[in-house]
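First the structure, which I've put down as C-alpha cells, then a few questions once you've had a look.
Chain IDs A, B, C, D, E and F follow the sequence of writing; residue 1 opens each chain.
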Amino acid sequence: MRKSVTLTVAFLCILAVFGLPVVSLADEAAAVTGADATFVANNTWMLVATFLVFLMHLGFASLEAGMTRAKNTVNILFKNTAIISIGILTYALVGFNLMYPCEFSLGQWFGFAGFGIGAGPEDMIIAEDGVGVYTYWTDFIFQAMFAATAATIVSGAVAERIKLHSFLLVTTLYVAFVYPWLGSWQWGEGWLDQMGFYDFAGSTLVHSVGGWAALAGVILLGPRLGKYVNGSIKPIMGHSMPLATIGVFLLWLGWFGFNGGSVLSADPVEVSFVFVTTAIAAASGVLGAMVLSWFIQKKPDLTMALNGALAGLVGITAGADVVSVTSAVIIGVIAGFLVVVSVIGLDRAKLDDPVGAISVHLTCGIWGTLAVGIFGGEEFSFITQLIGVVAYGVVAFVAALAIFGLVKATIGIRVSEEEELSGLDLGEHGMEAYSGFEIYTTQ
Amino acid sequence: MKLIVAYIQPERLNAVKQALYEKEIFRLSVMNALGCGQQKGYHESYRGSDIEVNLLKKVRLEVAINEEYLESTIDAIIQGARTGKIGDGKIFVLDLADCVRIRTGEKGKEAIGG
Amino acid sequence: MRKSVTLTVAFLCILAVFGLPVVSLADEAAAVTGADATFVANNTWMLVATFLVFLMHLGFASLEAGMTRAKNTVNILFKNTAIISIGILTYALVGFNLMYPCEFSLGQWFGFAGFGIGAGPEDMIIAEDGVGVYTYWTDFIFQAMFAATAATIVSGAVAERIKLHSFLLVTTLYVAFVYPWLGSWQWGEGWLDQMGFYDFAGSTLVHSVGGWAALAGVILLGPRLGKYVNGSIKPIMGHSMPLATIGVFLLWLGWFGFNGGSVLSADPVEVSFVFVTTAIAAASGVLGAMVLSWFIQKKPDLTMALNGALAGLVGITAGADVVSVTSAVIIGVIAGFLVVVSVIGLDRAKLDDPVGAISVHLTCGIWGTLAVGIFGGEEFSFITQLIGVVAYGVVAFVAALAIFGLVKATIGIRVSEEEELSGLDLGEHGMEAYSGFEIYTTQ
Amino acid sequence: MRKSVTLTVAFLCILAVFGLPVVSLADEAAAVTGADATFVANNTWMLVATFLVFLMHLGFASLEAGMTRAKNTVNILFKNTAIISIGILTYALVGFNLMYPCEFSLGQWFGFAGFGIGAGPEDMIIAEDGVGVYTYWTDFIFQAMFAATAATIVSGAVAERIKLHSFLLVTTLYVAFVYPWLGSWQWGEGWLDQMGFYDFAGSTLVHSVGGWAALAGVILLGPRLGKYVNGSIKPIMGHSMPLATIGVFLLWLGWFGFNGGSVLSADPVEVSFVFVTTAIAAASGVLGAMVLSWFIQKKPDLTMALNGALAGLVGITAGADVVSVTSAVIIGVIAGFLVVVSVIGLDRAKLDDPVGAISVHLTCGIWGTLAVGIFGGEEFSFITQLIGVVAYGVVAFVAALAIFGLVKATIGIRVSEEEELSGLDLGEHGMEAYSGFEIYTTQ
Amino acid sequence: MKLIVAYIQPERLNAVKQALYEKEIFRLSVMNALGCGQQKGYHESYRGSDIEVNLLKKVRLEVAINEEYLESTIDAIIQGARTGKIGDGKIFVLDLADCVRIRTGEKGKEAIGG
Amino acid sequence: MKLIVAYIQPERLNAVKQALYEKEIFRLSVMNALGCGQQKGYHESYRGSDIEVNLLKKVRLEVAINEEYLESTIDAIIQGARTGKIGDGKIFVLDLADCVRIRTGEKGKEAIGG
C-alpha cells in the first residue's frame, strides 16, 4: 500500500510514449536504461504467468469435483487444497534445487543443489545477454506453481476410492522427488536437453509425468465399485457440469500463463505467438472432440468437448513456440480425436479414470511431444522426441508403480467398500459437500 | 375417506392441478419420485458409454378426500395426466382411517376438506 | 520453461529503478532503448487484456446457465464452449481479414484481405510513432476474443428452446461474416469511422450487434412454453444464483481487459482512466438497478442488481476514454435504470429473453453509444452517433433475421414441445447437469 | 479497439531485447527513455494488481455463500454485489481524500482533502525519484478496491440474520468514513506512520479493521437460531463446499495483487519476493490448520484447511516484504494453528461467526502485525506494532459498536424469527437461490 | 397397527421430533414435499414479475405404530407442529396390514417397535 | 391388492431392484427419505464441533401388487436389502382399495400389473 509517495517531486518524468516532449531532469531517472525497463516488464509478465498457473489448481479442483459424484466432493476439494500447499512447500525445500541443480553429480542424470531456497545471485536477478528476464524469486515461484500440477493430474484419476492419507503420502513423494528429478533431465539442462530433446512447456515433463503416475494409480487401485459389472460398462456420471466447465475454462486461462510464461520473458513476438497457437489448439481440440463424439455417440457430449479443449492444450504445450498456426490446428484437432478414442478405449480396457486425466495428460502429452518432431521444423528430430517420451515413460511409470505399490503394501490405498458406497466425504471427513440438498446416493 | 396416491409425468403436474381445481379440490401434496413401470426408460450417454436409465423421474401426488369426491378426483387426475403414451402413470386408492387438522385439532371429514 | 539461462553472465544488468547505481556493461543491454522496453510493456498489457476478455466467455457461460433452468444447463454450457472455439477458428480463417481489410474494395463498405492469418509486417510488430504497441499476433488474438462475444450474447437470449445444431450454424455465420464485416465500418477504418462516429470498445460494434441478433432470434423463436399464459407473465426462475453471480463478477473483471485493452497500448494515464470510468459505471449501474428494482418490485432483486452491473459496463464501453468520472456515474445509473425498465418492458411485449441479454447489450449498448454524443465533449456529435446506431441496427437486425429465418425455414430452429418440457439436456445431449440431485422438473 | 494503426510507419522499432541489432530511426521513439518505459511497466503491474483485488470480492461472495445455508444465499450474494458498488462510489466521493488527505487538519489524526476525485497532479503521474510509478487514476482505483474489503469481511460474520437495509447502512458508514479515516493514520502518513508502525498491505489496516466491525456486529446481533441450544453447540453446515473452495482460491489469487500491488511499483525483486512469501505463508497456513484440525477433530476438516490458507495470507500481509522465507513459513503455520483455535474458541464463547471471518481477519490480522515486530528485523519494534494494534482495535471496535448500536436502536438489525427460519432469501428478496432443487429447509 | 402420515411446516420438524421422543416414539421417516392446502401460498418476485407460489414447502412424516400409541403420537405431532397459524398441517391415519423388520425377518407388532 | 412401503439403505437399492426383477416384479417407485430407527445415527464434524446426525439417508420404495405376489415381494426386498446390520430397514404393508392405470383407465387387478 501507499506509504510515502512524495507528490512534490513526482512530476519530473512525463510519459513520452506517444510523442509528448520528454523531460527527464532527475539524474536517477536518466540513469534508468531501456534494458532496466525491459527487465521490469519481463518480470511483471512472468509474475502474471505465475498467478495464471496458480489458478490452474482451482481449475483442476473444479473439474475433478464436477466430474465425480457429490458424495466425494469434499474429498476432492480437500486433496486439491492440500496438493498446492504441499507442492509449494516441498518445492521450496528440495524440488527446486533438484530440478535446477546447476551442476550434476551423476553424469547428466542427477544433481542436487541443497535444501531450501534463496541461494540465488547476489542481486537476485537472472539475465540473458545483459538484459534481466526475471528475478530468482520469480523463477522459483513460477516453477513451484508448475510442480504441484503433476500431482493434481493424479488426483482426478484415482478419485472416489483412494485413502486420503495414502494419497497425500504418494503425492508428497512424487512431487518432492520424482517430478523435479525427471525435470532436471531436460529443463535442468540434463542429458535429454543435451541430446536435443524439446519440450517447450511440458507436454512430457509435466503432463505425461503426471499421467504416468495416474495410470499406475488406476492400475493398482482398480475401478470404482459398480463401474464394470458383468463385463459391461456402467458409466458413473459426474455431479456438476457447471463445475466441470468452470474448471476447464480456468485451466484454459491458466494455460496462457503455463505456455506464455514458458517463454521465460515478455518477448512480444514470442509470447503473443504462443498465445495464438495455444488458443488455436484449444479451439481445435474442442472441435475435434465435439465432432468425433457427436459422430460416435450420436449426441454431442459436453464432457468430451471439455476434455477436447484440454487435449488441444496439452498437445500444443511441447511445441507452442515452434509450430505454425496451421500445425496448431492439426495438432489440436488430432488431440481432440485422440482424447475421445482414449477415454472410450481406457474404459474398454477397464481402466477407470473418472475425469479422463490419463487420456488428456498422458495420451495427448505423448502426442504433443511427438508432434514437435513432425511439425516443428528441421531442428527437431522425431526419434529424439520418441526417446524422450520413452525415457520419461519408463522411469515415471516405474517410479509411480513403486511408490503406489509400497504404500499399498503397507498402509493400503483403497477405502473400504462400505466407505466407498456411502462416499469418502462421510468416511474420510465426516462432512457433506452439499448440506441440505437432497441427493440420490443410490449409485 | 380415501387417500389417493398418484404417479404422473412431471410435466403434467400443472394440468392435473388445473383439473383438480376445476373439480374444487384444492388440497394436495406433491413429491418427487423415481419410477419404473411399463415405460422402459431411456438412454443417456456419458463419455462414450451408454447408460440405461430405467428409473424415470415422476411426480407423486397425495390427495386425501371424502368418499363422495373419489370419482371426480380420479377423473380429474386422469384428465390432466393422460397423454395416451406409455408412462402416463398410475393412481392408487387407500382407505383413510382418520384425518386430523393440526391447527384446530378437528378430526375426520371436517378436517380433510375446508 | 527455463531452458538455458546461464547464471554466470547474468549479473550485468542491475535494477536501477529506485536509485541504485546503474552498471550496464553488456553492449547488447545498452542497445535496448526505452522505446523497445515500452513496446514490451505495451504488448504485455495487451496480452493481459486478451486473457481477461477470454475469461468473459466463462462469465457468459456461468451467467446464462445460472439464469435458466437446471434441465437446460448442459446445453448452455455446451453452446458456450463451442462458441469460443468456433469464434477463434472462424476469426482466424476469415473474420480478422474481413474486419481489418487494410484496403476496402467496395467504397468504405466492404473489404477482405484474404483467408487465414500470418500476413503481418515482416517483424510482426505494429508500432505508432516509432514505438511498438503490440505484435501482429497480439492484435489478432485480442480481436479474436472479442469476436465470439457477439455470438455469446445471442446464446443467452435464445436459451432453453433453440435446437443446438441450428444455433451453432447461425452463430458460425454471424461470427464469421456479419460481425467482422460490420466491425470494418468503424474499427477497420470504414465509412462510419471517416464520418466521425465513435465507439471506443464496442457498445455498438460488439454489444448492440450481438443484441440485435438476440432480438431477431427471440422474435423468430417465440417465448418458452409456460412463460406467457392467458395473457399473464409467469416468470421462470433461473436455477442457480451463485452461478449467475460468478458470471457477472467474471464479466466485470473481463471488462477491465475489454475496455482497458481497447486503449491498444499500456499508456498509463489512458488505461488507468479507463479502469476508473469502467469500475465507476459498473458500480453506478448496480446502484441504479438496485434502487429502481427495489422501488418497483418492493424487494431488492439480485438478478436486477447483477444486470445493473452489466448495464453500466455496456453503457460506458463506447466512451470510457472520453467521458468524465461524473459522466460515468450518470451513464451508469441511467443504464441501471434502463435495464430494469427494459427487462420488464420486453416481458410485457412478450419477448422472452431468459437472461436479459437484449436489455443489457442492446438497450444499454444504444444508450452508451448515444451517451458519447452527450457527455463526450465537443468533438463528438450526437447526430453522428445516432446515425451509427441506426446503421448498425438496421443491417445487423436484417442480417440476423435473414440468417435465423433461413435456418428456421430449412432445418428448423425450435426443439419439440416434448423436448422443451423434459429439457434440452436430455433431448440434445442425453445427459444431466446435476446427476444425483433431486430437482423439480415440473416447471 | 484498434482505431487507426498505420502499418506503414510501423516497422521502425525492432525488438532488440535478445541481441537483435537495434534501429531506432524515429525521433519520437528515440526520445522515449528507460524511465518512461519503467513507468509504463510499473503502472501496468499496478492495474493488474487492481483487478486481482477486485476479484477478491467474488472470492468473498463465493466463500460466504458456500459456508452458509442455501436459504440465505441470494441475500449473501446481493450484499456482496452491493458492497463493491457502494465501496467504489463512496471511496470516490469521500474515502480517498479522507485516507490520503495530503495535509492533516487535526495533528496527524485527521485530514480531508475534499469531495470527489480528479484533483491529482497536472499530468496525473505519481513518481518517485523521477521515475513514474503509477498514475493518479491507478492510485485511486487500486485503493478503492481495497476499501470495500473491510465491509465484505463484516458481511460473512453477520450472515443469515441481519436485516439487509440495516447492513447496507452500516457498511456505507463504515466504508465511507471509518476505514479511510483509520487508514490515514498509517498509509496517509499520519501519527502511526510517524511513530514507525509498519503494516505493509494491511493485516491491521484492512483485515483487523474489518474484523473488529465483524466482532461488534456478531456481539450485537447474537447467534443464529438453533446454534447454541441448552448450552451445547449445534454446528450449522454450509451448503456448498465447492463454492467455499472457489472462494478461497480466488482470494488467494487476489492476494497476489493485494500484497504484490502494495509494493506500489513493479520493482522486480520486491514484487517477486512478496509473491514468494505470500504463497509460502498461504501454503503453510493450510498445513498448520490441516494438521491441527486433523489432530483435534480426528478427521481432516476442509473448511479449516480453507480458513488456514486465508489465515496464512492475512498473517503475512503486514510483513510480506520484510520477513524471510523461513519466517513466512513460521508465520503461516502459526496463523493456521491460530485460526483453528480461534474458530473453536469463539464458538465456545457463543460468538456465532458462520464463515470464520473474525478468526481469519481479526485474530490473524493481529498476529501478522505483531509478527513484523518479531521477524521483521531490527528496524521494527514489537512495542510499536502492539501500540498500532491496540490503537486500531480500540477505535475500530468502538466505532463499529456505535454504528451497529445506533442502527439497532433505531431501525433494528435482526430479522424476525420467522424470516430467519424460512430464510432471508424469501424474507428479504422474495427469491430462491436454487429454484427447482429439493433442499431440506428444516434446519 | 397404524401408519401415520403427517404434513408439517419444515421449521417445526425439530419440535415434533422432540415431542415424539418425549412420548418414547423414536422411529420415524421424513420426506420433503410440496403442499397446497388452506394456506394460500405467498409471492415471490423475479425480474419484475410476480410469482404466485401455491405449492409450499412441507415436510412429510411417516410413523408406523401400534394401536395403543395412536393417540399419544397424534398428540405429540400436534404439540410439536401447532403454531395456530394457517399452514400448520394435517395428519392422516392409515391402517397398517403388516410390518416386517428386514434385518431379522420379524413381523407384526414386534417389528414396528423396538 | 396391497401397497408395500419399504425403507432400505440407499446402497442396497440396486440389489433390491435385482431381486424384484428375478421375481418378475418390474414396477416400483422410489423416493429419498430421512429415517430414524434402531440405527442410532453417526457423527459428522464441522469446524471443531460435533454434529449428531440421527436422521439417516434412506430410500423409500413403493410397490403395488396383487395379493398373490405379497410373499414373494417381501422376500425379494428382504433378500436384496438384508446385510444383518442395524439400519437394514422396514417393510410396511397397506391394503390397497383400488388402482387405476391413467393411460387406459383400467382399474383394479389388471391395472396394477402389466
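Note that in this section a contact is a pair of C-beta atoms (placed from the backbone, for glycine too) under 8 Å apart; a residue touches a chain by one contact, two chains touch by 3 or more.
These numbers come from a predicted model, not from an experiment.
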Touching chain E and also chain F, the following chains: B, D
Pair of chains joined by more contacts [C-beta pairs], A-B or B-C: A-B
Type of chain C:chain D copy interface by residue overlap (half), same or different: different
Centroid spacing, where centroids are CA-atom means, of chain B and chain D in whole angstrom: 52
Interchain centroid distance [CA atoms averaged], chain C/chain D, Å: 29
Rounded Å distance between chain B and chain E, as computed from the means of their C-alpha atoms: 18
Residues of chain D touching at least two other chains: 15, 17-19, 28, 32-41, 44, 48, 123, 125, 128-129, 131-132, 237, 240, 246, 267-269, 297, 299, 301, 303, 430-432, 434, 437-441
Residues of chain F touching at least two other chains: 30-32, 34, 44-46, 94-95
All touching chain pairs, where touch follows the definition stated at the start: A-B, A-C, A-D, A-F, B-C, B-E, B-F, C-D, C-E, D-E, D-F, E-F
Partner chain A, residues of chain B touching it in the complex: 32, 34, 44-51
Chain C residues within the chain D interface of the complex: 15, 17-19, 28, 31-42, 44-45, 48, 52, 69-70, 100, 102, 121-123, 125-133, 139, 143, 146, 187, 189, 193, 199-202, 205, 237-242, 245-246, 248-250, 252-253, 256, 260, 262, 264, 266-269, 271-273, 275-276, 279-280, 282-284, 286-287, 290, 297, 299-303, 305-306, 309, 324-326, 329, 434, 437-441, 443
Residue ranges of chain B touching chain E (in the complex, touch as defined): 3, 17, 26-32, 62, 64, 94-103, 105, 111-112, 114
Chain D residues touching chain F - in the complex, by the definition given at the top: 233-235, 237, 293, 296-299, 301, 303-304, 340, 343-344, 347, 356, 438, 440
Of all residues in chain C, those that touch chain B in their complex: 226, 421-422, 426, 430-432, 438-442
